[in-house]
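Okay, so chain A shows up in both of these, paired with chain B first and chain C after.
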Partner chain A sequence: MLNYILRRLLVMIPTLAAISFLIFFIIELPEGDYISNQISMLRSTGESASIGRLEFLRKEFALDRPFVERYGIWVGLWPGPNGFDGLIQGNWGWSFEYDQPVGEVVGPTLPLTVALNLATVLFIYCVAFPIGIYSATHQYSVGDYTFTLIGYLGLATPNFLLALVLMYLANSWFGLTVGGIMEEHYIGEPMSGGKVLSIVAHLIVPVIVIGTSGTAAMIRRLRANLLDEIYKQYVTTARSKGMRESKLLVKYPLRVALNPFIADIGNLIPSLVSGSVIVSVVLNLPTVGPVLLGALQSQDQFLAGFILLFVSILTLIGMLVSDVLLGYLDPRIRLGKEGARQ
Partner chain B sequence: MSPGERGEDKAEHYVNPKGFDPKDVEILTREQERYYQAPQWKIIWWKFRKHKLAVLSAIILFFFYLCVPFAEIIAPYPVAKRNVDFLFAPPQAIHLFHEGKLVGPFVYGLNPSVDLENLKWVYETDTTKVQKIRFFCKGEPYKFWGLFPASFHVICPAKDGTLFIAGTDRLGRDQYSGLVYGARLSLTIGLVGVSISMVLGVLLGGLAGFFGGWIDSSIQRVIEIMRSLPELPLWMALSAALPITWSPVWIYFGLTVILGLLDWPGLARAVRSKLLSLREEEYAKAAALMGASPSRIIVKHLLPGFTSHLVASATLSVPAMILGETALSFLNLGLRRPAVSWGVLLNEAQNISVVTIYPWLMAPVIPIIIVVLAFNFMGDGLRDAADPYK
Partner chain C sequence: MNLLDVKGLSVEFHGDEGHHQVVRDVSFSVPENKCVALVGESGSGKTVISRAVMGILPAKSRITAGQILFRDNRKNGEQIDIAKLPPAGPAMRAIRGDQIAMIFQEPMVSLSPLHTIGDQISEAAKLHRFVGSKEAQELTKDMLRLVHFPEPERAIRAYPFELSGGLRQRALIAMAMICRPTLLIADEPTTALDVTIQAEILKLIKEVQAELNMTLLMITHDFGVVTNMADEVVVVYNGEVMEKGSVEDLFLTPQHPYLKALLNAVPSLSMEPDERLVPIRPIKPRTHHSDLQPQPVGKTHAFRGTALIELEGVCKNFTFKNLRGKKRRGMTTALDNVSLTVRRGECLGIVGESGSGKTTASLAMLRAFPLTRGKISYTTEDGPRDIQGFSEKELFQYRKKAQIIFQDPFSSLNPRRTLNEILQEPLVIHRMGDSLSQGARIRELIDLVGLSPRYLRRYPHSFSGGQRQRIGIARALALNPEFLICDEPTSALDVSVQAQILNLLKDLKDELGLTYVFVSHNLAVVDYISDRVAVMCKGKVVEVGPTRQIIDNPIHPYTRALLKAVPEPSLDHKLDFSSLAGTASSDPTQWPSPYRMRYTTVPYLVEIETDHWVCAPGMESMRDIVGLGGSHI
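Coming up: the complex of A and B.
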């Protein structure tokens, strides 16, 4: 098992390298950089007093070097003006817009981002698991049809529109403010029981909004998998031996059907993270989503780059966890028969 | 083979008194004959037709797509027209009866006033003003396709009246007309984007599936990496990189390229696995032995074998693109006015306090959900029908 995890971790390294390069390429796509834009803005207004300082800053952040060198400095594989000082060394860069280190800008938002995505994954499992089993064992019942219909709607409704509509409904029907992460009087206060409760209460709507389409997909998947298994010979055999129906289900077909269920969550995670970014913007949650939007709009490149890398790593870790779980469940994968997985 | 025929223990010689008609077994009913002689697309169509929901979705989509060429004619107002006396006007309900008498479809006039206490526009419906809706009429002048001046509309407000089916926004622009014009960009962006991702997917998936080896494994790696990336943040970053100075047309094409660039891995994967199985077929081998080049084998012999699959999976990825554009424009990163798409219209609904007072600003949500659902159902139907011989 340990071997498998190690192998899986090793595979992640080249992936991470490729992703970081891609992200750096993307954030460098806009013409110029934050400081050179400021300089040209100052030039056009005729103010030239602070240009010297900005020129110095450009040198300080190595923005005047060629592209590959800048990438190396950002990651920490190439000596910058201050020696090796990049992501690997724990320096996440500088946010020009906030005039603060990136770590301080995004620091408070990271735990909530992780919590939100984790809560969504848990929500999907907790909801999709029982409903999927119910739908498969009660095929074509009223309940099955209802869940199928809801599932279709859930798949088709884009999450940020759902957030918008829910926010409106909650506001006009119950007078609730759904946006934000806690009630206003808790902002700035130290952690307390009431504050935690308030945060949890405010997380419910975003979790449902982000998780709906994923849940719908998972229900469909589990139902189909279980239906494939439930009518097989070994189930009939077990039943004819007088095994109790509930025990039988858990013991045999569910275990087989569980495999793709776990594997799929890995495929779902990128779209969950995508969803959490835009839903956070709509619902005004202090996750990395709104910060990323702001950073992209003001071309705050290191901030945007770090957030993009962070959400990508989040999905990579999610996929890793799902792979490890899968390896734990399925010896064929753990022992490295690649073909057995397909 | 029965033991009798082998002659070990011979039975009595048996002759069937009916005689033998060699064509007997091969006589097909008319139905069967029609089926076996029909070309593939016809069988796909027959199978698709049985999927009632998919057909209904296709019809609905057809009507939506009518807005693309004929937006100016279908919309009652030109899209940029500002009705300065009617800012944030609510949707006007369409009535048929006025004081118990049938008048035909009409709306009651609106009397605007300002609520100075809450600082909002208040509209009173004036039930004395009956404004009959006109059909196939001369109304607001416009330029058809931006070229030919005309003033013909399918539906117009009464003379000196108003017709705001879905209300107006903060500048008094008719929302319904906005939706009709917005369909033009929102609905085509998915198609163009999907064509781009299809070209990329077929090309790269084709290379991987046909040649195998290191080409295959490197393309597979790229696909894996692309699939592990969260799409929307990357879309956001890429569209933020589009220069602000670009004209709406360029932004539009930029967006389609961005949407297509990140969407191809799914298609490429499908193409690859199909090619891997098809290239082992006898006819592919035969073509190779006769000296056909790889590109000819792929395009002429293998591709037709799974075009229907491709179309089906492309249909299923159109909604993701429509939603992508909507999300980007909603976040101010995609299209901007004067370009109008459903996302641009939704942009007005960004502020929740505005939405609570003027909920009709969320109107674009309805066509978006209908179109996305319709594409999903139609894609499901197409996918089921794509392999008609199964």
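Coming up: the complex of A and C.
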């Protein structure tokens, strides 16, 4: 198993190299770059005073070099104006728009992004599982139809609309401030019990909003998967031993029905980051999403590149985690090699 | 003393089209320490009755009337009415798995793929005996030993997919036995298994029954199993009991016409050469049409009995590949120097257990894959041709001549095509005629297999298994082929339907002058339909000859073991459980000399009688023994 994980980690290196190249290539596809855009804007308005500084920046960040060199410098495989100084060396790049290092722009948003995503995943699993199981075991009952209806509503309602409605309700019923991640007076304060509570209270609405469609989709899938398993012969075998229905359900069909969900962990992460952009904008949440959106719009290439690469790394790790978990939980995958030899 | 009394039991299914009585007023009793067999075709309700006794009826059904009285020996013979107990309630759960246990039909799907054998077997002990995991493990090992599981210590950590079908069935039996139930229900426990393994499992069930003082309720459609296992028989048809009594009474003097009909529909090894099976619902093929005339049998190059297809030293190895497609060291020999001749106008049966290479051999004749070694020649009008050397165009023409009927009629028909489209497709592919003449041809084919043209617009799901197999036959006949591969065409069908299909195949062969290669694991079926038989084991042909000679005078130890393991549906030829050879009979390295084969031994066929060949590599060096004649070797 350890061997397998090591091998997978090694495979991740060329994968990441390929992804980084693709990201850089796509970000650079549009004409020009952040600075040349700025320069032409200044020219059109007639202010040419600070053009010199911008030209200097262009040189400083090697934006005047050919594409492959620029990529090499960004990654840290090619000597830039300051020698080897790229992602590999720990320099995450410079954000032109914020006029700050990328690390400082992204840094504060990352913990919140991760916390929000984790909370959303947990929410999806916690809500979808009991409902999915109920729907499958009580197929075509009133409860099943009700959950199905709610689920379809959840799938069909645009997230931002739900966000606005819930935000309004949260404010008028519980007096939560509209938007933001915490009460304003906690901003900039050191962590304290009150601050944590405030953050948690503010996370509830976004988690529900971002998680609704995922929950609805998962309920439908779990119900279908479980319905496939529930009538299989091995379940009858277990029943004929005299097991309690609830225990039986969890031990046998649910365990088998879980596989697709474990395999899905890796895919969840990027969709949660990119899917929550609009909600984050509407709810004014300082997550990575809106930053990425802004960076892409203004061609702030190092910032956008870094965020995209970060999401890719998360995805790769998620894939690894789900593969390892699958191997651990499903003997058919773990012992597949031996099984094939027989 | 009766352990189980079923009185006036009625079970109802409620589906979308209202209620449907599947079991009507069924009464029978199971005396203690006896074996009672519930016999019937599929759909007769026999399984539903057994599920009702277990309290595991499907959700859409319920018991509408009657009693299921079970005498609880652990509570001083107090009688419990299972029909009144809520199926998922604690009282029923306490009985289920503890006092009444069940063995299921399909060992391949009856075990959870994600849990170890040990976990699944010990579960019932933990539930009913309240033992700790250590003790449960010991009990499990005891049970695995009882069912002669090899290496019980290791087996408890094995997963079902690592085991063969026979071993899984043993695990299932161990699972049912662990609480030493007083009543064991066995639902077609051997239907999915090879004959030799079937005989062993039956022997095992008998042994365990005696050892644990169990009462057995056996559900089966196989009269061979009934005569060998049962003391009493209950015949069920369409949800009602037709006839019941002791096995002797029923087999010697069957009263009810249904039972008589059912008995006549079963092929057996002791049938007369010209005896014909009588299907319960016979069909009449109609072959009066003009372009379905018999093949030109009389011409000089193609008279009956000459070689049509010849396999010479055919070898096929399969190499295991890992996920990246690189070759691994693992390799199996599916065909090992197979030499066979299929003669024009005959039916050659190929018999063997699963994994013997019988299907591979027949598929090789269709050029379904490239051979590792050897040559397959097909006799055309210009003499024999190697089918490996066919060009694309020649192969396309060859496809018209050679067709196949598949084993599973359920998955071999496209569920999204109507019957008309299914039958038309081969004609369209081979551009035979315009749509008008194709329509006429389809009507002929439908007639030929005894179906009605009214069905042409239906989809496969609305046909029964037997009807689907007839569609499969019609499709294979669409191109007017010269020879047909029948790959276990009746193994998925009921005995009564089996007789119908076998008779249909027989009639078609005679009337259309076809040549068959009939692959089957059922010796009685092969005996009924084939002129000659080839017995295969582990990719080798071990014996080949005229059917009667093979059946009456088997030479090879494997053929003998195979014949000995066939349960005959008559009381005079009961299985001799004590002389079963076990798994050794299918291991070439354990055969006695001169039949023994090491891994490198090349098969060598010796002609023992006229046309009767046996694989005996040891005789290559001492040919004089052949003079001794068959039976002494």
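One rule holds for everything that comes next: the second predicted complex is superposed on the first by the 300 of 342 C-alpha atoms of A that agree within 3 Å, B and C clash if a C-alpha of one lies under 4 Å from a C-alpha of the other, contacts with A are read in each partner's own complex, and residues count from 1 in each chain.
Heads up, the rule we're going with is that a contact is a pair of C-beta atoms (placed from the backbone, for glycine too) under 8 Å apart; a residue touches a chain by one contact, two chains touch by 3 or more.
Since this is a predicted model, take the numbers as computed values, not measurements.
Please indicate which partner A:Arg65 is in contact with in the superposed arrangement: first for chain B, second for chain C, both, or neither.
neither
Return first, second, both or neither, reflecting whether A:Tyr168 touches chain B, chain C, both chains, or no partner chain.
First partner only.
Considering only touches as defined above, state whether A:Gln233 meets chain B (first), chain C (second), both or neither.
second
Looking at the overlay, does A:Leu292 come into contact with chain B only (first), chain C only (second), both, or neither?
First partner only, chain B.
Output check: A:Arg244 vs chain B and chain C. Expected answer is one of first, second, both, neither. What do you get?
The second partner, chain C, only.
More residues of chain A in touch with chain C or with chain B?
Touched residues of chain A are more numerous for B.
Between chain B and chain C, whom does A:Arg332 touch in the aligned arrangement: first, second, both, or neither?
In the superposed model, A:Arg332 contacts chain C only, not chain B.
In the overlay, answer first, second, both or neither for which of chain B and chain C A:Tyr252 touches.
second
Intersection of chain A residues contacting chain B with those contacting chain C?
none
Residues of chain B touching chain A in their complex?
Result: residues 221, 224-225, 227-234, 236-238, 240-241, 243, 319, 323, 326-327, 330-333, 346, 349, 352, 355-356, 359, 362, 365, 368-369, 372-373, 376 of chain B touch chain A.
Could you list, by residue number, the parts of chain C that touch chain A in their complex?
The contact residues of chain C facing chain A are 54, 56, 88, 92-98, 101-102, 104, 106, 109-116, 120, 123-124, 127-128, 159, 161-162, 172, 175, 320, 322, 328, 330.
Which of the residues in chain A end up touching chain C in this complex?
232-234, 236-245, 251-252, 255-256, 329-332, 335, 337-342
Inside the complex, what are the residues of chain A that reach chain B?
That would be residues 15, 18-19, 22-23, 26-27, 29-31, 152-153, 155-158, 160-161, 164-165, 167-168, 171-172, 179, 267, 270-271, 273-275, 277-278, 281, 292-293, 296-297, 299, 304, 307-308, 311-312, 314-316, 319 of chain A.
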